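The structure's right below; bear with me while I get my questions together.
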Amino acid sequence: MGLLATLLIFGVSLSLASAERPMRRSLVFPMETDNSYVELVPQKDLDMGAFTLCMRVATELAEGNREIILFAYRTLYHDELNVWREADGRYGLFMSGDGVLFHLPELNTFQTHLCLTWDSKLGMAAFHVDGKRSIRKVYKPGHKVQKGGKVILGQDPDSFLKDFQSKQSFIGEITDVNMWDYVLSDAMIEALHVGKRMPRGNVFDWETIELIVNGNVKVITEEL
Amino acid sequence: MGLLATLLIFGVSLSLASAERPMRRSLVFPMETDNSYVELVPQKDLDMGAFTLCMRVATELAEGNREIILFAYRTLYHDELNVWREADGRYGLFMSGDGVLFHLPELNTFQTHLCLTWDSKLGMAAFHVDGKRSIRKVYKPGHKVQKGGKVILGQDPDSFLKDFQSKQSFIGEITDVNMWDYVLSDAMIEALHVGKRMPRGNVFDWETIELIVNGNVKVITEEL
Amino acid sequence: MGLLATLLIFGVSLSLASAERPMRRSLVFPMETDNSYVELVPQKDLDMGAFTLCMRVATELAEGNREIILFAYRTLYHDELNVWREADGRYGLFMSGDGVLFHLPELNTFQTHLCLTWDSKLGMAAFHVDGKRSIRKVYKPGHKVQKGGKVILGQDPDSFLKDFQSKQSFIGEITDVNMWDYVLSDAMIEALHVGKRMPRGNVFDWETIELIVNGNVKVITEEL
């Protein structure tokens, strides 16, 4: 009877799983523009002494020597939290001023799972590429990310949500953008990389996030 | 009843596992200095006719043409046992004089599991990179490592624990440094690479080692 | 009682496993010489219209632009069956005259499982690198390998077992050299690559082969 109960439980969970076949939205930025972008509406203010930001990103731009904007959170007067691929091939986090730069494998036409963590206490910043953590670098201990701005993908706003430059725009595909206001462990990020969908982002949760599309960006829904 | 016994055993081992969630210290060397280093206090004298030295190391310095000190054991007048990444990209073991050099994959921003074995009898030296052994090279058969010195990470002492040069210093992250006074088999080193924590180092055991930190080195404790 | 039986079975199989712990000889060629080589004594004449030759080989020489001899079978007047890494980085089979050349991944300091097959009927030749087959090339259909010579590792004899050139010598490590007088299937070679030890070579069987060492070559026995 104990065995029968076990089988029944398995049976139920399997059928639930197939009923819930997960779908996911993916953003396709097909060409270089100075007006196409997607605004992400957060669940809470970006008022943060720590964060984890993850996304799955694919682009062929990294073959060239061009800046590529990967994530921009801008308040009225400041670039609060920008993630760039620099013209020299390094990857950088910039919070209101000078950034911290990392030597990572280049993004390419296949999907890369890219995460970035930072904590105000020790100022430790690190990237995670397909589940593997970079070295940690000390960056702005004691700093805080300020609320009151807007997050966009696809363009870098040189002023508050305008003054875009096409030579910095993103071309390619971005999906599964999630953000937490704390630092996830290496093991949790590795689990996200291979498809686990917990913990859900508490700043941005891609499964439920509201997206505001501007210009030429396609929103595709795909089965996982 | 057999099934019940099995479940109980599983239950016990699972709860033990979560109670023992392993933690590990990691050393972050954030910048180039001529005064930041960590001294490792050994469990026994480094009076050795053979050894295995392992560490997990991540650095972005190997992108450049710069010497990088990885391990230094110095007595009053001699560099008894130094491990270098040379300016030409080769990796070397130096014991009181000329070294033996190997062509290995470059270190990078992700963690590499690096081991080095040497035995006095035949003088066989080899590196192991992420569990894979390099060719063996004959180096100083009959030699012995002498006791009475100090082991440091982060700097190369040109005299006894001073005269550091910033252009040889280590920047990046080092953890899981263990040393044995005998040669581990290829299979044991492969097992260490994938996370097995036996056999424990009998010269240095990273889980219990005493560390003396000097200058700008951060000691992070992380979940495994 | 069921549990006890299980434990007993485990106990038995574990002790069998440790009793049978396989060992293997490995040849270390530590330096460039014109006199160090190992002669392999075959089980039968090399009188062959087809063959498979496998070895595990590690060398750092492939970083340079130098010929490297990998296998030499010479009769009195002919290089009957030589395997080379050419100065231009290609890998070649030479049977009494011009050879057939392949673009393969470079050998390196870690062990590569290298096999070579050839059959007289269609003249099909192919390399297998770590279990993956190269393209097939047509080479000397109708030809036969002649008996009456000697097989050596480490040097290329320009005449019968003499006239060695140090700039062609092998430096590094060779083990698990086996030869069959027929062509093994791709699947069999893949199985050998991952450690299966069947079928045993019927021309050379590394587990029982007689080795005649000349000059500075170390024979190491290692646990598998």
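Order of writing sets the labels: A, B and C. Residues in every chain begin at 1.
By definition in this document, a residue touches a chain if its C-beta (ideal position, glycine included) is under 8 Å from a C-beta of that chain, and two chains touch if they have at least 3 such contacts.
As the structure is a computational prediction, the values presented were derived from the model and not from experiment.
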Chain contact topology (line, ring, star, complete or other): line
Copies chain A and chain B - rotation angle from C-alpha fit, nearest 5 degrees: 90
Whole-Å separation of chain centres (CA-atom averages), chain A against chain B: 34
Distance between chain centroids, defined by C-alpha means - chain A, chain C (Å): 49
Touching residues (chain side chain B, partner chain C) in the complex: 2, 5-6, 102-104, 122, 124, 127, 129, 132-138, 185-187
Of all residues in chain C, those that touch chain B in their complex: 2-3, 28, 30-31, 58-60, 63, 108-111, 172-173, 218, 220, 222-224
